[in-house]
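Accompanying notes for the structure given below.
Every chain is named by a letter (A, B, C, D and E) in the order it is written, and numbering of its residues begins at 1.
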Amino acid sequence: QEYKVGTWKTAQTIQPFYYQDYVPEGDQVDVFSFTNPADQKTALLAKSLDMCGATLAHAIHSASQGQPVVVVAALCNKCSALVVKKDGPIEKVEDLKGKRIGYVPGTMHEILLRETLTRRGLSPIKDVQLLRVDFFDMGTALAGGGIDAFLSGEPFPALAVDKGYGRILAYPYYGDAVGSINAGMLVRREAIEKNPDLVFSLVKAHAKATDYLNLHQDQWLKKASTFGTPLHILEKAAPNMEIAWDMDPDFVSRAKALGERMQALGVIQKQPDYDALFDLTFVNRLKDEGYPKP
Amino acid sequence: MTTQLKLIPGHKKELQAPPVLQVSKLSKVFKTGDGPMTVLQDVHFQVAEGEFLCVLGPSGCGKTTLLNVLAGFEKPSAGKALLEETPIMESGPDRCVVFQEDTLFPWLTVKENIAFGVKGLSKKEKREKTNHFLDLVGLTPFGDYLPREISGGMKKRVSLARVLILQPRILLMDEPFGALDAQTREEMQDLLLSLWNQFHHTIVFITHDIDEAVALADRILVMQKDPGMIAKEIRVRLSRPRERTESSFQDYCKALYQALKKPQP
Amino acid sequence: MKATQNLDAQDGFAMTFNKPNGWMNSFIPWILPALFFMGWFLVSRFEIIPAYLMPSPRQVGEAGVMYAFGTPGEGPYAGRFWVDAWVSCGRVLAGFSLAALFGIPLGVLSGRVDAMQKTLSTSINALRAVPGICWLPLAMVWFGIGYKTTLFLVALAAFFPIYINTAVGARQVSPLLFQAGAMLGVRRMNAVFSILLPGAMPSILAGLRLGLGISWAYLVLGELTGVPNGLGAVIMDARMLGRIDIIIVGIVLIALLGRTSDLLLSGVFRLCFKSARRLA
Amino acid sequence: MKATQNLDAQDGFAMTFNKPNGWMNSFIPWILPALFFMGWFLVSRFEIIPAYLMPSPRQVGEAGVMYAFGTPGEGPYAGRFWVDAWVSCGRVLAGFSLAALFGIPLGVLSGRVDAMQKTLSTSINALRAVPGICWLPLAMVWFGIGYKTTLFLVALAAFFPIYINTAVGARQVSPLLFQAGAMLGVRRMNAVFSILLPGAMPSILAGLRLGLGISWAYLVLGELTGVPNGLGAVIMDARMLGRIDIIIVGIVLIALLGRTSDLLLSGVFRLCFKSARRLA
Amino acid sequence: MTTQLKLIPGHKKELQAPPVLQVSKLSKVFKTGDGPMTVLQDVHFQVAEGEFLCVLGPSGCGKTTLLNVLAGFEKPSAGKALLEETPIMESGPDRCVVFQEDTLFPWLTVKENIAFGVKGLSKKEKREKTNHFLDLVGLTPFGDYLPREISGGMKKRVSLARVLILQPRILLMDEPFGALDAQTREEMQDLLLSLWNQFHHTIVFITHDIDEAVALADRILVMQKDPGMIAKEIRVRLSRPRERTESSFQDYCKALYQALKKPQP
């Protein structure tokens, strides 16, 4: 049996690189790295991949367009932070009034940014100026003074802090709504129907890898640092990163909240069928099999 | 080289051979932006085996066009051009052309240009043959030069050598010595005549130089312009070698001078 | 006496075609796109590739209509086209002009002055292999985020073909023409405008056309960061979201705009410069 | 009798320089890079731009040394260079060859056959404006992820300059040369190899050189997705992680490789083809 | 046009004017890959105001090089070339050149080429003047053609017209009629002579055609080759118009023929 899995080369999406240790003897896992969830999903749909990571925002967006994708496990939670200039005048979110904030339209982080702003009584349209900046350029833009703040995923916030130009203003997690959910593992619907065992093997490997890495944080970060981010930055970022595999109805309801925000923003036209998008049977089957062992 | 010499049927010259080239009622009309333009009209002549024919005419009268038809580069609009009874369809190494313009291959040296058309010889034979013809046109020191490194006159010599080396039956020459200085031109004329005596090519030689026509030709066709027609045909009955200073030579020149002047109003 | 340029007719190699008449002439260029479109239509009609991977012409058409004619708010991207196209055209024009402003003079210098050629050619030939995206972080440091960076990236990409072709063209202008000009009273710098540039025009125009094409292609990079709108920005957003239909709309629109601007460029040059009109 | 090509000496426009001697000749091309480097050094020495925005030459040097000579595991990217360079060279070579394989024959056809030119030129001129990144999702659908997609993207980018320059070159070969060839016994298809290609060689080589440069520039795009290594992949990783030092290392390395491959290409052509050696 | 006519000091011809051009001990050495190459050696002559001087020599003897020095395109390696006592440093519209090669601007029409050097006239005057000189060289129907659309001979006429229109004091002509057919060449020679009679240009005319030299020149310099030197100077004491068929004409031709042959071993 061969598995092809796609993921980003970041610490919070590292699990696929460990699948090989947890698939049945003789099976082979090929991991492909991407820089963008859309590419992974396209490769998945084109049957070049059996499973891939995707942000939940992207999964919802795909599903609302009728694409046959299913989330079968969580991948990570948290990982976001709102960053401002280190010595700047901004002390609390309210101070962002009238400032320029970097964002990427249509992503998780846009939703979280808007959530954060609205909760503090700032209108994302009237009170601040949102500026399209590629995630990878946000640090440079902040340091160069092109923007006053950005909201993005690790390791950029930790990097900004470490390099000395950034300061973390807030973490955009609010328990009563979207919360800290971030990304999940995606498969094609057809794979679930035709070859559920394959999917299960991958979910199982995913769960085992996740738990192993959670137990051995040093190994996790060391491996992650080979992707290019220095270890000490990862160590700083670690508290804001949570790798995960389990999904429960609560997880799905948070995703629904995310979907509603997305529709309100006009990113999606209609809500996807969340029951079809999130398939909990694999994680449940795993738990039924008595995993994790106490 | 012997194999190729056999191909030249020099012995036929004595027999009253049929004409090699037959041009009958040939017309050529070009379509231009301003409507059709008759460049050649009812041109009619024959060339016998081994004959040296000159075509003399003013600039733009259609000499090159006529040659292009004989070479197979252009199709006649009306009339026929026959090579031994067969209509001329294509160009080929049996009817070699020395062009009016520079048509050497600029990426080949003088030697390589001369050897370009030679086929079916060993490397050594080819080299020797090339050197021989290089010598014939007096360019031995320049064998490894590129066309852009030699003068216009020298280019013409290379053009001559690269067709002579093929020992074609028919040589079509379009003002080949027009770019040479008087002295070199005479040398080249002598050279051409000596080669002609040796190989018995049939030659159609285009020129606008009266002296040159008289010095070379068995027969001269005088062309007129607008439309291109044969105005006069003069057979040159002078023994070779011809002396330009002889009065009979000058008589031919004068006659041609008159013939060229006449059609103009 | 007009000798028509019959490149194909006489040479015994190229096939000879009857000159297609006007109707055919404007028809032929559409054969290939039509065939392509038919193939696409059939592929999606018989669902050889599922629609979520390769949207059908209809889907793309609808996305395109929405993008061009939708009322803002009706859906993502609705009605944004006109503003996007307008600002993108402006950016391409500005970046391209900047590239021409540097590329032509430097190219002329490189083509005619040996020392200049030696100084520049190695560096420029090395730099043109560097991927555009590598410059993005540096450009942001140099120019800050926004319009200037966009301009820099577009201009940088267009610079290379303009520079190289101008240099080649300038080098090929015959020294005899300069002699002739000098003899007719053309003084030093004047020769640049009255002899060098016209003589090098076909090559310069070819360089400009290549550069303009590349300007469009690099618009995406230029609009990746720091600008709120533009065709490149839409394409990058669509890519982020995996909206293949919008990406295809983007391809078609940029291809059309690219071709149009190419024709415009040639047309303007033919209108303004005898040399562009009359040389090859 | 050898008339030297003195383009600059006589024409009263170009400045006349004493021919620099050999030592100078190999020195001049380094002036610009040296100046640039000095500027960079000073900027970072006096911290005009903070190090996190613009790493110092030393930092970049260290990153480069680590990338090239580190033992794997010693740090991120340590020692990866040789493998990366090797696979990237392979991909560029393959993509570039593919582009030449299509570009030269199509270019020759377009240059000599009017109908072909009409059929292709509009489409190709429109498509060359389309940003490479737009093709990525489509290429993934058509070719799957991995080598084939990489190849397609690199080849597509290199195709345009090769095609266009070959067409221009083929069009410019004088019909008289074909007549001369025909008269010397060169038959139809043979004329392509013995007359057309040599005659168009300077233009073809120029196209190939442009294409090779663009192949390198598009490597980043080709290696963006689905391949685990390569210089392009490293640059994209570095970008994703904000490692400007590694990006600069990438710029320098690709510039060097690009220039080297450019010289190699010219060298090989000069070695193999008289026409490349002797024309222009 | 009258203003410019005043510039031509035709009246000076009667006075024993000082030489306009003075060439003394002129040498020109080119550096080539094979070491230095002496193209001109100790060339020494003068040209008087309004004189028609022909330089006759075989191909490659350095005629064009000599002309380039006079025109100011090349600096002498040794010796001097003076224009009225001043060393020649630059080229300019006072010394117009009709080049051996085609140097028309390919992006300008025939008319535009002819008008290229004209300065300081109103549009209308310029147009009229252009048309006048277009007519002088017999190209009126071809004013709007591009150089690539006309024949080689016609290009030469345009080259002539575009310098004649500047009414230069000195005309430097490098085998200008070499590419024309015999008849047109004679017409052009007549035209040139009539213009010379009218405007009194000082003319240095390079040719390799003996007839042409005798037909045109006041004085003929015969150049030899390797190195380029003046082998002989012949003053042509024939009244104009000259008849080619006259025996005195032929005598000059024969003398020049001998002079050209001699230096060769």
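Please note the rule applied: contacts are C-beta pairs under 8 Å (C-beta built on N, C-alpha and C of every residue); 3 or more make two chains touch, one makes a residue touch a chain.
Keep in mind the model is a prediction, meaning the values are calculated, not measured.
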item	value
Chains touching both chain D and chain E, listed by label	B, C
Contact-graph distance - origin chain A, target chain C	1
Distance in touch steps, counted as few as possible, from chain A out to chain B	2
Contact pairs, highest-scoring chain pair	C-D
Whole-Å separation of chain centres (CA-atom averages), chain B against chain C	50
Distance between chain centroids, defined by C-alpha means - chain C, chain D (Å)	18
Where chain B and chain E are represented by their mean Cα positions, the distance between them in whole Å	31
Multi-chain contact sites of chain B, meaning residues that touch two or more partners	60, 73, 90-91, 151
Overlap residues in chain D, where contacts from two or more other chains coincide	1-2, 10, 12, 53, 136-137, 141, 179, 182, 195, 236, 239, 242, 244
Where chain A touches two or more other chains, by residue	38-39, 42, 46, 136, 140, 144
Chain C residues within the chain A interface of the complex	50, 52-53, 73, 75-76, 136-137, 140-141, 144-146, 224-228, 233, 236-237, 239-244
Residue ranges of chain C touching chain E (in the complex, touch as defined)	1-3, 5, 174, 176-177, 179-180, 182-185, 195, 198-199, 201, 274-275, 278-279
Contact footprint of chain D on chain B as seen in their complex	71-73, 90-93, 95-97, 99, 101, 103-108, 112, 116-117, 119, 142, 145-146, 148-151, 154, 162-163, 166
Interfacial residue positions of chain C with respect to chain D in the complex	6-15, 17, 20, 25, 28-33, 49, 53-54, 112-115, 118-123, 125-138, 141, 160-161, 164, 168, 171-172, 175, 178-179, 182, 188, 191-192, 195-196, 206, 209-210, 212-214, 216-221, 232, 235-236, 239, 242, 244, 247-248, 250-251, 254-259, 261-262, 280
Complex contact set, residues of chain A against chain C	36-39, 41-42, 45-46, 58, 61-62, 65-68, 104-107, 131-134, 136-137, 140-141, 144-147, 266-267, 269
